[in-house]
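Multiple structures are listed underneath, in C-alpha cells.
One chain, chain A, appears in both complexes that follow, with chain B as partner in the first and chain C in the second.
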Partner chain A sequence: MPLSYGEALQYLLPEVAVTLGLCVVLCWEIFVKGRRAWDASVLSIGFLAVAAVLLVQRLDYAPATVFGMVTVDRFATVFKLFITSATVIVLLFDLQDRRALQDGRGETCFLLLTAVLGSYFLVGTTHLLLLYLGLETLGLSSYVLAGMHKRSRASAEAALKYVVYGALASGILLFGASLLYGMTGTLDLRLMAVPIEQAIREGRTAQIALPTLLILVGFGFKLSLVPFQWWAPDVYQGVTTPIATFLAVGSKGVAMAAFLRYLSSAYATVLVQPGQEPSPYLASLGGTLALVSAATMIFGNLAALRQDNLKRLLAYSSIAHAGYILMGVALLSEDGFNAATLYTFVYYFMNLGAFGMVIYFANQTGREDIQSLQGLGARHPVAGVSTVVFLASLTGLPPTAGFAGKWLLIKVAWEGGLHWLALLTALLSVVSLFYYFRIAKALFLTEPARDVPPVRSPALSGLLGLLALASIAFLHFDPLLQVAEQGVRVLFWG
Partner chain B sequence: MREALFYLFGAGALFAGANVVFRRHAVPAAIWLVACFFFLAAEYLLLGFPFLAAIQVLIYVGAIMVLFLFVIMLLDLHGAQPVQAQARFAAGLALALVITALAAAAAAGGEALAEAQAPDMPALVEALFTTFLVPFEVTSLLLVAAIVGALTLGRSPDITPPKQRIRPGRDTIRMVGGAPPRDEAQAG
Partner chain C sequence: MLAEYAPLLAWLVLVMAFVGGLLALTAWIGRARPAPGKAETYECGMQPMGDARGRFSVHYYLVAVLFILFDVEALFLVLWALRARELGMSGLIEVGLFLAVLAVGWLHIWRRGGLEWDR
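So, the complex of A and B:
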C-alpha cells in the first residue's frame, strides 16, 4: 500500500521535530544576543520533549516502511524513546554538573541533537546505506563531543582515540556491507534474507560468514565488546561526565537495537524457532557471539576490580554489561532477543543513575575517585541511598530491576543450551559485588576524612531518587517486559 | 582487452594507495592519493559509469585534494617524524592479507552478478531524489554536524566569549596567563 507524501511524512514527524530543534539551537547560538549559558539546553530539552510526545503517539502505528527505507515500527519507536529520554537526562545532568563547560554549551546541545537524529535512523531502518549513515552521524557527533573539553589533555586524548578506533571500525563495517551487497545484489537486509538463506543451504557459508564477521567488528566497537573495547575506559574517563553518560547509555543502547535488527532481518528466515535445533551455520554464529560475550564479561569484571576512578570503573562495568546483553543475543531466538532488550532497558535506568551519582559527588568534592566518597552517604541521604540501589541493581541483587533482568537472561540462556555461559554470568555477578560495594562501603562505612560543607542540589538528588525508584519498581518488570516483547515480536514477525 | 585494462588500473590504484600509506612526507602522499583517484576514475569508466568517473576527478581531485594540499603546505609539517613500528606494520599487513584471502575465498564460490547497466543521468537524478531521498537528506545533516564539529574543535580555546554572556559577579571566566580578570562591565 503506497503512502502519499503527506502520510509518509506523518511517520517521520519525530525526526522532523529533532531536525527543527537542531536548526533552532544553531541559529540561536549564532544570531541571538544576550543569551544565557543554559538557553540552548532548555531549547533542546523542549524539542526533545516534543519529539518524545510524537513518538508516544506513534507507538500504536501499524509497522510501515516509508520513503522506501525508513522502518517505523514498535521496536524502532521504543528505542527512539529510549535515546530521546536518555538525552534529556544527559542534558539535565549537564545543567547540574558544576564542572560542566559553560562555553560551548550550544555546540554540545547541537551535537547531542544530531546524535539523537542519527540514532533515530540507525534503529529505524533495514537498509544498510541508511543504517551506516545513522551510525556515522551518531559517531561523528560523539567524536566531537568527546573532544569538547579543549584545555584538558585527557579529553583531547579521548577524542583522538575514539575517532581513530571509530574510523577503523566503521571502515571495516562498510567493507562487510559492500561484500554483502556484492553477494546478494541488494542493500535491504530484508531482501538479503533470501539469498543468505540460499547460500547457507548450498554450503557457501564463507560468503556470508566473512561479511557478517566484518559487520560484527563495526558493531563490536560501538558496543565496546572484547576485543574492541580498548577505547572505552580512556574515553569515558577523559570526557565530561554527562557526555560519558551519553556514550555509555544512549549510544550503546541504540547500537544494541541496530545490532538486533540487523541479525533479525538478515537471518529472518533461518533464526532459531522454539523447540528447534539451529542449523550448523547459525550454531557457529551463535557460538562466536557466546564466546565474545564470555570474553567481554570476564574482561570487564576483572578489569573493574582494580579501578579507583569512578568513571573508569563504570566504563569497565558497562563493558561487562554489554557482555551480559550479548548473551541473550547469542541465542539467536526470540526469547533471547527479548531478554537482551529487557536488559538494555534495565541497563538504562541503573547506568543513568550510576553516572548521575558520579556527577553529584564530584559536585561535592571536585574529585572522581572512590576515596573521595568517604563518609558522604550520611550527609547526603537521598543520593547515598539511591547510589546503593543503583549498585545493587548493577550487581543484580534481588530488590532491584537488575536482578529481574539478569535472572531472565540467565534463564533463557540455560533453556537455550548455553549452560556454561549462564553459570559464568552468575559467577561474575559475585565478582562484581566486590567492586560495586567498595563504593557503597566508602559512602556509608567509612568516617569522613574532613568536614566539607555539603553543596545542596535538590534537582539532581531528586532525579537520582526517581531513577532509583524506577530501578526498584521495575523488579516487577511486567510493563517493561511487555514493551520489550512487543518490540521484538515486530522484529520477528513483522 | 577491457578486462586486462581493468586489472591494470586496479593494480595501479593499489600501488598508488600503498604509496599514500608508506611515503614519509605528507605532500608526496597526497599526490599519490590523487594518482589513486585517477586510477579509480578509470575503473569507473571501464565499468560503464562515465558520470561517476567525471565526478570522481572533478570533486575528489579537483576540489578536495587541492584543499588537502593547501592545508598540508600551510601547516608546514617538516618536524613530524613518522612512527617506527615494525611489529604493528607486520600485524597490519598480516591482517590485510588474511582479509584479502578470505574475501577471495568467499568470492570464488559465487557466480558473477549480472552486469550492472550504466544509468543515464535522468535515472540517476530520479533515484537520488526518490529512492534515496532520505539518505540524501541525512547525508546533508551529517555534513552540517561535521562542519559544526570541525569549527568547535578548531576554534582556539583562548578566545574570550562574547561580552553579553558575562554577568559580573555571577559568571566567572578563567584567564590563562596574561593579566588578572578585570571587571568586564566597566571595561565594556
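So, the complex of A and C:
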C-alpha cells in the first residue's frame, strides 16, 4: 500500500531537520551581526539533537519504502543515530580543540551537516541512484572538509589526495553499478536479487562477479581496505583532528552499513543460511572478501608498528580495524553481519575516544607525536586512564567492549569455517599490543621531559571519561545490543 | 561457463593485433623527415605564443563551478516545467524548496564575495 504524501514525509522528518539545520547555519554565518565563533557549532548540535530525537521515535516504525527510493527501517535508523551522535561528538571536539580554526567554523559545521544528510540517504536506500547520490554528498563534503585549513600545505595535500582517489573510486563504483543495471534491467538492489540468483544458477557468474568487484572498489576506498588504503594516513595526518575523527569514525561506519545493505539486498536470496554450505559463487565472493580482510589487517597492523605521529598511527589502526570488521562480512551470513555491525559500534566508541585523546594532549603540548606524551598521564589522570581504556579496547583486551566485539568476530569466523582468518586476527591483536602500548608507556612509565603547567579542560576530559566508560560497558548493555541485532535481522528478513 | 565470453576475447586480441600491426607497419615502412615546423605546437593555424603551463586566476574555477551549479538548476526547472500541471501544488512546493536551498547557497557566495570578479 503506497503511503500518502504526508505520511511519507513523516518518515523523512530527521532528514528535513538536518536540511533545515544546514540552511540556518549557513544563513547565520552571513546575516547575523555580532555572532560569536562557536554559535554555528551550538546551532548545529541543536539541530542534530532534534534529528536524533526524531530518529529515536522512528526506531519502532515498521520498515517502509518512501517515495520509491528511501528505505526507512531499523537498520537505517540505527546507523543514522550512529552518524548523528558521532557528528555531535566531532563538533564538541572541534569546540574543545585549541588549534581549531576560528575562521570558517560556520562553513565547517555546514559541511558536517551536509555529510550527515548524505549519510542518511546512503544507509537508507537500496536504490543504486540514491546510494550513489548519498555516497557523493558524503564524499564531496569530506573532500572540502579535508581542505578547510587554507593556509596549511598538509591540509591542501590531504584534500587533493583524497579527492583524486575518491573521484577514481567513485567512477569505478559507478561503472559497476551501470553494468549491474544493464544486466538486470533495474536500479533497485532488492529487485536485482532475482536476476542475480538466476544468473548464478545458470552459471553466468562472470556477469555478476565483474560489477560486484567494481562496486567493491568503491566501498573499499571509503572503508580504506587494502589495496585502496593509501590515502588514509596522509589525509588523517593533514586535516584537523576533529575532521580526522569524522572521517575515521562517521564516514567509515556509514560506508560499512551501506556495504552490508548492498550485499544483503543484491544477494538476498542466495546468502548463507545457518547450517548450510555456501554455493560455489558465494564461496568465491566470500573468499575474495576474506583475502582483502586478511591483507588489510596485516598491512594496517604492520605499518602502525613504526609510526611516531599519533594521527598516522590511528590511521593505520583504523585500517586494521576495517580488516577485522570485513572478516564478519566475508562470512556472508546473518551471524557474520551481526558481528560486523556490533564491532562497528564498538569501533565507534573506542576510536572517538582515541582521537579525542589526541586533541586533549595536543592542547597541552601543541604536538601530535608519541614522545610529546612523556609523563603526562600522572598530571592528567582522567584523560590518561581513559586513554589506557581506549588502547586496551583497540587491542582487544578484557574487560573492554573491544575484547567482546573481537571475540564475537573470531567466534563466528571460526564457526563459519574461516579458521585461518580467525587465527590471523588473534595473532595480529598481539602485534597491535606493541604499538598501542607504546602510547600508554609514554604516558605513564616515562619521566616528564619538562614541567609545563597543565591546561585544564574539564569538558573534554569529562567527555573522554564518558567514552571510556562506554568502551567498557557497551557490550554489557543489552538494550543497545538488541537494537543492533534487530537492525541486522531487518536486513535479512525485511 | 566462461566459454561464452570467447568471442569477446577473440575480438580483444583482434583489436590489439590491428592497432599494434598498424603502429609496427608505419614504423617499418614510413619514412621520418623531421623538420622544425613539425615539432611546433599546432593551434588552429595561429602562431603559438606564451607558455602552455601559464598560471591563471583560481577565480576562474569558482566561476566555472558556479556556472555548472546554476546550469543544472535550469535543467531541473525545465524538467519540472514540462510536467508542472500533472505535479500540481506539491510539485510547485517541492520546486520552491529546491530553489530556496539553492538560494541560500547563492546568498552565501554573494556575501562572501564570490561573485566579485576583480577581488
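Criterion: the second predicted complex is superposed on the first by the 489 of 494 C-alpha atoms of A that agree within 3 Å, B and C clash if a C-alpha of one lies under 4 Å from a C-alpha of the other, contacts with A are read in each partner's own complex, and residues count from 1 in each chain.
As a convention for this text, a residue touches a chain if its C-beta (ideal position, glycine included) is under 8 Å from a C-beta of that chain, and two chains touch if they have at least 3 such contacts.
Every value quoted in this text rests on a predicted model; they were computed, and no experiment measured them.
Student: Mind working out whether A:Tyr236 is in touch with chain B, chain C, both or neither, as first, second, both or neither?
Tutor: In the superposed model, A:Tyr236 contacts neither chain B nor chain C.
Student: Who does A:Tyr348 touch here: chain B (first), chain C (second), both, or neither?
Tutor: neither
Student: Kindly classify A:Lys150 by the partners it touches after superposition: chain B alone (first), chain C alone (second), both, or neither?
Tutor: So A:Lys150 only meets chain B here.
Student: With both complexes superposed on chain A, which partner does A:Glu136 reach: first (chain B), second (chain C), both or neither?
Tutor: First partner only.
Student: Taking the superposition on A as described, I'd like to know which of chain B and chain C A:Leu179 touches: first, second, both or neither.
Tutor: The first partner, chain B, only.
Student: Have a look at where A:Thr19 lands relative to chain B and chain C in the superposition and call it first, second, both or neither.
Tutor: Both partners, chain B and chain C.
Student: Just checking: does A:Tyr5 make contact with chain B only, chain C only, both, or neither of them? Give me first, second, both or neither.
Tutor: second
Student: More chain A residues touched by chain B or by chain C?
Tutor: After superposing on chain A, more of chain A is contacted by B.
Student: I'd like to know which partner A:Ala206 touches here: chain B for first, chain C for second, both or neither.
Tutor: Both chain B and chain C are touched by A:Ala206.
Student: Return first, second, both or neither, reflecting whether A:Ile30 touches chain B, chain C, both chains, or no partner chain.
Tutor: The second partner, chain C, only.
Student: Would you please give the residues of chain A that touch chain B in one complex and also touch chain C in the other complex?
Tutor: 19, 26, 204, 206
Student: Considering only the defined contacts, which chain A positions touch chain B in the complex?
Tutor: 19, 22, 26, 33-37, 67-70, 102-104, 107, 110-111, 114, 117-118, 121, 127, 129-130, 133-134, 136-137, 140-141, 143-144, 147-148, 150-151, 159, 175, 179, 182-183, 185, 204, 206-207, 209-211, 214
Student: Across the complex, what residues on chain C touch chain A?
Tutor: Against chain A, chain C makes touches at 1-2, 4-5, 90, 100-101, 104-105, 107-108, 111-112.
Student: Across the complex, what residues on chain A touch chain C?
Tutor: 5, 19, 23, 26-27, 29-31, 203-206
Student: Quick one: in the complex, what on chain B touches chain A?
Tutor: By the definition above, chain B touches chain A via 99, 102-103, 105-107, 109-110, 113, 130-135, 138-139, 141-142, 144-146, 148-149, 152-153, 157, 161, 164-165, 171, 176.
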